[in-house]
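In what follows, subunit A forms one complex with subunit B and a second complex with subunit C.
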Partner chain A sequence: MEAITGWWDDYFFASIVVLKIFMASLLLMVIFGLIGAAAKLSNSIIAKKIANAYTIIFRGTPEILVVLLIYFGSAIALTSLFQLFDPSIKYVDVPPFWAGTFAIALIVGSYATETFRGAFLGVEPGSIEAARALGLSNLQTFVYIRIPEMWRIALPSFGNHMLSLVKDTALISIIGLNELLFVAEQATATTGKPFTMFIVVGLIYLGISTVITLFVMGLEAYGRSHLRAAK
Partner chain B sequence: MSFDITLILDSLPKMLSGIGLTFQLLILSGVLGLLLAFVLLLMRLTEKWYFSVPAQVFIYVFRGTPILVQIFIIYYGLPQFEAIRESIFWPILREPFGCAILALTLNTGAYVSEILRGAVLAVDRGLLEAGSALGLSRNQRFIYITSPLAIRLGIPPYSNDVISLLKSTALASTITIFDMMGIARTIVAETYAPYEIFISLAIIYMIFTFFIQKGFGYFENFMSRHVKK
Partner chain C sequence: MTQPLIQMQNVDKFFGSFQALKNINLEVHKGERIVVCGPSGSGKSTMIRCINRLEKHNSGKILIGGRELTDSEKDIDAVRREVGMVFQSFNLFPHMTVLRNLMLAPQLVRKNNKSKAKEIAMKYLERVKIPDQANKYPSQLSGGQQQRVAIARALCMSPEILLFDEPTSALDPEMINEVLEVMEDLANEGMTMICVTHEMGFARSVADRVIFMDLGEIVEEASPQEFFENPKNERTKLFLSQILSH
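Moving on to the complex of A and B:
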């Protein structure tokens, strides 16, 4: 374990990068998921078709393929786009951070689409009827009736999606982002202790997953707090 | 930016030549993973803590870390130890293919055992009570009542896991295995045509996903044939 002493700061900053990717992709994932779910629930046939294609494509393709395609593909697309304005540009560099974040958010967003859709359909029809009978407006029904029921239904799957996002961040090292696996490879090259270096990466990921799991468990307990018997 | 059809037609056969390796990875680690999952399930179902706790820790560790990290620990990490290089497993662990199989097996085993456990726990208690009322022993109840019902309940989530496994086999390309993904990455490195190559490969993977889904759909129908009208 002595081999690792000089590398703690690198691991620390790489963990920060992982957390940043996680935060950014979580936000994007929720947006993609909500748009997808709205499209699937809408009356428009075209929107439904597009949303179905989105979920089929991103659930049926290996994650690494999506990451590579978006990274290299967006570089080529942006290069040719910029060349329209300035032909002297040879190559546009896409930051791996954003290409990777976007890619994993798209992948997990396709799963979140189903979760959000299921949560919307899972709202008790009786609750909605009761709200109508009480004279609540559509907006009020949505805010006070639908949302409180929906997040409780979606939470367990949503927790799994968050774990998938964290684990997918490891893929971004493939496109050269300076994150945990990347640090471990550098550290291995200098110290010749691959097992130690990669195990540290595993433990950091395990730690992050544990925190997320505990957080979701806490939220689930909070979501059930109204069901607890009075003391 | 143009879409080069001839390039696709040229590289499709090359990529498809990796199909055998992709299937070997999928089927070998799928079968071994299922066996591992079953052992883990039995370990968790016993009430003995020295069986159930190790199984739980194993599942927790392998579900809580990225599969890519697991592959790297096994492929790059294990040779750090003299003992492993001298053990009888070295011929397997020396090869990237052996390492990929090991990593995928351990990973899918952890996930599938959770699926199996969920399916076993979902079997109606009343049926088990009926079984014990009829004088069936614990093992007989497990074999004749729990298993057939649990298999049926487990098929939909299991098919999702097989699809995940198929997608994970593409990660083997990171440790110099030339499965379809590995070949595609080499072609892209040579031609720098990510759109053509990666999109056609994505379609190939989607076709496999489709067949896996269909196959398990038929299997599920077959297993639920007694509930049909």
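Moving on to the complex of A and C:
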């Protein structure tokens, strides 16, 4: 294990990068998921078709390929965009952090689209009717009845989506982001101890996942308090 | 002659090409207690759901307290504030305690502050005789208790009119009476109510009028005595012979 001394700080900063990607992609994932679900539930045929294409494409292609395509694709797109204004620009570099974050948020967002859609449809229609019959407005019904019932339905799948995001951060090493796998590879090259270097990565990921799992379990227990067995 | 609280004039309702209500005409005055019965699928629920616009009628007029139900959200909200509804399947909010179920609309719709809303809620929980269940969740209560909570929830809005859609049909037999008792109390206090129910004992003891529906139409409308002793229509007679035989 002494091979690892000297690498702790690299692992530490790489962990921070992973957490940052997780936070940013979580936010984006929720946004993509909500937009996707809203589109699928809308009356607009075009919106539905776009949302269907989105979920089919992103659930049906290897995740690592999506990361690569978004990274190189956005570089090409941005380069041609910038060249419109300044033809002397040869190449625009897209930050791997943002390309990667965007890519994994899009991937997991396509799963979240189905989760949010299912949760919306899973709310008891009777609750919604009762709220309307009491004179609550559409917005009040949404905020006080639909959302609280929806998140309870969505939570178990949503917990899985969070874990997917954490694990998918590892994919971003392929586009050169200085995250945990990247550090482990460098450390391996220097020390010749791949197993040690990668097991550390494994333990760090496991630690992050465990915290998320416990958090979701806590939320589930809270959300289920209204289902306590009768008397 | 005072204006009726509820007026339905030549109301038709379609689901796609299927006509669920055919030329419904109904007037209900303040303090009247109406029982609606009829075979399953005859349009009873649809009719009372048009009164608070949970269903939208296709033609004819519905006026509640003189206010016509149109697409105007303002009018619909105004009507819903005055018309309470009790559903067959209770429809309590599962994620809220009994107390919160009762306080929600008084706070959000009537703009009462929290302590006032709580006071109102407790008053009506006592009225339906379950103040001790205030902090439980609906899933922890029996069906009869849940339905009494649902009635209390409607009462917290001090509605002019209460609509009941088969309030005892989903209950185990031993729980039916506790709900009917609450409904009878309300009737005796002068609440204007329309009850879709097949509880004929209830109809006999509290109804001012019984309405019989079949195939989307009001087939017969009579006092309970007239309705049970001397039904005019063949379909009414058939229906009564079926439900009174068991």
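Points to keep in mind about this one:
One rule holds for everything that comes next: the second predicted complex is superposed on the first by the 226 of 231 C-alpha atoms of A that agree within 3 Å, B and C clash if a C-alpha of one lies under 4 Å from a C-alpha of the other, contacts with A are read in each partner's own complex, and residues count from 1 in each chain.
Assume a residue touches a chain if its C-beta (ideal position, glycine included) is under 8 Å from a C-beta of that chain, and two chains touch if they have at least 3 such contacts.
Since this is a predicted model, take the numbers as computed values, not measurements.
Of the two partner chains, subunit C is the only one that A:136 touches; subunit B does not reach it.
Of the two partners subunit B and subunit C, more subunit A residues are in touch with B.
Once chain A of one complex is fitted onto chain A of the other, the partner contacts of A:167 are limited to subunit B, with no touch recorded for subunit C. In the superposition on chain A, A:144 makes contact with subunit C only, while subunit B stays out of contact range. Shared-chain residue A:73: touches subunit B; no touch with subunit C.
Of the two partner chains, subunit B is the only one touched by A:196; subunit C is not. By the touch criterion stated above, A:124 is placed in contact with subunit C alone, subunit B being left untouched.
In the superposition on chain A, no contact is made by A:220 with either subunit B or subunit C. Contact with subunit B, but none with subunit C, is seen for A:56 once the two complexes are overlaid on the shared chain.
By the touch criterion defined above, A:210 lies against subunit B but remains apart from subunit C after alignment on the C-alpha atoms of chain A. Comparing the two complexes, no residue of subunit A contacts subunit B in one case and subunit C in the other.
The touching residues of subunit B, when paired with subunit A in their complex, are 1, 61, 63-70, 72-73, 76-81, 163, 166-171, 173-174, 181, 184-185, 188, 192, 194-195, 198-199, 201-202, 205-206, 209-210. Residues 124, 126-127, 129-137, 140, 144-145, 148-149, 152, 223, 225-231 of subunit A touch subunit C in their complex. Those residues of subunit A lying in contact with subunit B across their complex are 56-57, 59-66, 68-69, 72-73, 76-77, 80, 163, 166-171, 173-174, 180-181, 184, 188, 192-199, 201-202, 205-206, 209-210, 213.
Across the complex, subunit C meets subunit A through its residues 52, 54, 77, 80-81, 83-85, 87, 89-97, 104-105, 108-109, 137-142, 150, 153-154, 157.
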